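Pasting the structures in now, so scroll down.
Paired with subunit B in one complex and with subunit C in the other, subunit A is shared by the two complexes that follow.
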Partner chain A sequence: MVKEIERFGIPVVHVCTVVPISMTVGANRIVPAVAIPHPFGNPSLDAKEEKMLRRRLVEKAMKALQTDIETQTVIE
Partner chain B sequence: MKLELGKIFIEDVQFGEKTHVDGRILIIDHTELLEAIGGDEHLWKIRVDLAHPGESVRITPVKDVIEPRVKVKGHGAIFPGMLSKVDTVGNGRTHAMKNVAVVTAGKVVGFQEGIIDMSGPGADYTPFSKTHNVVITAEPKPGIKPHEHEAALRTLGLKAAAFLGQAVKNVEPDEIKTYETLAPREAALLHPELPRVGYVYMLQTQGLLHDTYVYGVDAKKLVPTVMYPTEIMDGAIVSGNCVSACDKNPTYIHMNNPVIEDLYEEHGKTINFLGVIITNENVTLADKERSSNWTAKICEFMGLDGAIVTQEGFGNPDTDLIMNCRKIEEKGIKTVIVTDEYAGRDGASQSLADADPKANAVITNGNANETIVLPYMNRLIGTTAFIDSCAGGFDGSLREDGTIKVELQAITGATNETGFGYLSAAAY
Partner chain C sequence: MAKKKIVHYLNQFFAGIGGEEKADMPPELREGVIGPGMALNAALGDEAEIVATIICGDSYFNENPETSKHKILDMIKPYEPDLFLAGPAFNAGRYGVACATVAWLVQEELKVPALTGMYIENPGADLFRKAVYIVETGNSAASMRKAVPTMVTMTKKLLNGEEIGTPAEEGYIPRGIRRNVFREERGSRRAVNMLISKLKGEEYETEYAMPSFDRVPPADALQDLSHLTIAMVTSGGIVPKANPDRVESSSASKYGKYSIDGIDDLTAEEYETAHGGYDPVYANEDPDRVLPLDVMRDMEREGIIGHIYEWFYSTVGNGTSVGNSRAFGIRIGKELKEAGVDAVLLTST
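And then the complex of A and B:
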């Protein structure tokens, strides 16, 4: 899906836990996620901390979208 | 560490008075068995059925399969840390009741349990159609949580296997095989001319009922470590997995791991088999990196020339597999990986979710997406209510006439990644 959307010239950031698979399938902008069962959250945190975590992830992804890249890049 | 494994080949299993082995027939006292395994506050209505090879019987949903064994001499008892104390096992003598399996069945999470057909085309795909199966079905009490149900059913199966194992404690085995592994330094001195080979044993540990236990420890909490192979024969590794049936390792397969068996067979002839490195398949990238780093480090530390890596499950564990392969190869150690494939129903898609050029020696155990039609069976143990939603099933899998069309994924042990099953690959 990442590649098909990019084919139309729309930049995509792939937020995913298993970065090597994202690299193998050819995503260009990759943001590491939390864990496979809960990529965008962490149930061991309380609600307020988890919201912060989610916000930081989304902001990082938004920033990654605006970043110029030359090659496949993992944005830590 | 040296273990004598005495095998008693059972020819039939029947219900009767007092649990014992008569000639080569296992007699099970139904009441005694229920007394030995019952008592869990989460379960009620425990049912025991027998299923024999060649019968028109379908067992589903299958959770675990376990071989009855008993310690005869040496430290500890079978299933250390689970049923017995955490003594280090793997030495002395153990008796194994061959041709018999305890099968635990019943819905735990519905979508992740398997099918065993005792006859017909499905029987050709599961190794557990050839065993006389003592099938234990237990209904959970209302309100029980899935993880409590899983733990209760897991313990029930282990208790049944340990109880039945007692029946061969004083039986003279038909065959005794001795397995010995020395400490690496002594082992290297013994066969200096032979290549040193280790076995990297990946255990499924993703949580949410995808769990394996080592001496009672949830293996997702372990870092990779070394085990004597004979510890595993004494039940030190136990399955707690509710996951795709075709390529999870039931406890039976841990106890009878064919890679360990074959490496021992070649030990002292073509290779010097130094031991087993267990590692896990966790759900964060940091865990995957750490475990594969440590696995490669231990391979190096043991002075291996070669390693065989087996995977359990599929999907994101493909990354653990590839990381292990790449990092071990980068230490200059030749590596073979053993896996299975999810290549689509036509076999045309990419087989693994991850890949690396260093994975240049790969053994496959079949394509789990291939479909099969299973005929109607006269007797059903369990329920077919979850066939459509089980892993490998799809809308319409269970047909009105009782036949089932599923992917091999739904059949217990069909594409097992230790090579315990019957599928293989040929070039043509």
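And then the complex of A and C:
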């Protein structure tokens, strides 16, 4: 899906836990997530901390959309 | 003659320990044979036996690859096996990645031949097909009965140091290795014959399949997001409660499209996950953990991003075929382009 959407010229940031899979499906901007069952969260944190964690990850993803790249890149 | 020793690798599911709720179990060593190891062991007969089985949760392995690799290697070493078997993993993505990674590692680090099996579309095959023998299986455990004899035949050959034939003869996924052979007819004649067959519309087999590098060049970076529209898409299966479009929990044949106009937060009361390939407890408690609408709305209010596109798209990336995923991507991409969406946040579990 990442690849086919990007083919329309729309930049896609793929936030996912298993980065090697993202590489094989051809995502270009890849941001590693937290864990498979909760990529944008961590249930062991309290609600406020967890939302801050999520905010930081989304900010990273938005920054990835503003990052110039030549080829598939993992943006941490 | 003493039987040769094999160590086998399984995930939590095939070892009979549990489903997704146990997918976070760290590597564990058991003496002897478990689950699919029994069929393999029986077919190996007097030649070899599985002396130990290593079990690791699929999520644990993929979330902690380095720790898992070390632990698993340390567990295998004392057995000094003659061969290492993993899986088969069929179309289970995380399991396939784990099987292929460990097989490769054993081969590299312990210099012991290794073999695994999986479906051709498993991401583990894409990652390691060139380095490891991967027997091609069907896409579900229903094909176990067919996979076992192929795996056992190759296991015996590898144990005895016999020559391994071509992928078509042996049933493994092509590794891209070319070997010199003598043919009756010279190359020019074979090429012309092939061309004639092609022109006639007849079957012909190329002697050198061109690799298909289907890569899309990265779209240009965006400058300032504050006036742009961003769409949210997920393969994590987030859908309105009760899954109105009945997006399948695995091998999805469709995706859903849902309005988030006026919605600030994906709550447990209104949304859930349809995904059957990970423990759904955390996503159901708070669907923002998979599709972070709450934070995106905050950033929209703060003017960091212009607009969130009023629809989100969701499917289940669990054993879903490459063909279906591609078709979803094309339809979604076309709609987003026509709607003037500037960028996409795509989330996966």
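One rule holds in what follows: the second predicted complex is superposed on the first by the 76 of 76 C-alpha atoms of A that agree within 3 Å, B and C clash if a C-alpha of one lies under 4 Å from a C-alpha of the other, contacts with A are read in each partner's own complex, and residues count from 1 in each chain.
Here is the rule we use: a contact is a pair of C-beta atoms (placed from the backbone, for glycine too) under 8 Å apart; a residue touches a chain by one contact, two chains touch by 3 or more.
Predicted model, so just to flag it, every value in this text is computed and none were measured.
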item: Partner chain in contact with A:D68 - subunit B first, subunit C second, else both or neither; value: second
item: Partner chain in contact with A:E4 - subunit B first, subunit C second, else both or neither; value: second
item: Most subunit A residues touched (candidates subunit B, subunit C); value: C
item: Touched partner set for A:P32, first subunit B, second subunit C, both or neither; value: first
item: Interface residues of subunit A shared between complexes with subunit B and subunit C; value: 17-18, 20-21, 24, 35-37
item: Residue ranges of subunit A in contact with subunit C within the complex; value: 1-18, 20-22, 24-29, 33, 35-41, 43, 51, 54-55, 57-59, 61-62, 65-73
item: Contacting residues of subunit B [partner subunit A, same complex]; value: 206-208, 283-285, 288, 316, 318-319, 322-323, 353-355
item: Subunit A - residues contacting subunit B, complex; value: 17-21, 24, 32, 34-37
item: Residues of subunit C touching subunit A in the complex; value: 20, 23, 59, 62-63, 93-94, 97, 123, 126-127, 214-223, 225, 230, 233, 235-236, 278-283, 285-286, 288-292, 294-296, 298-299, 304-305, 315, 325-326, 328-330, 332-334, 336-337, 341-349
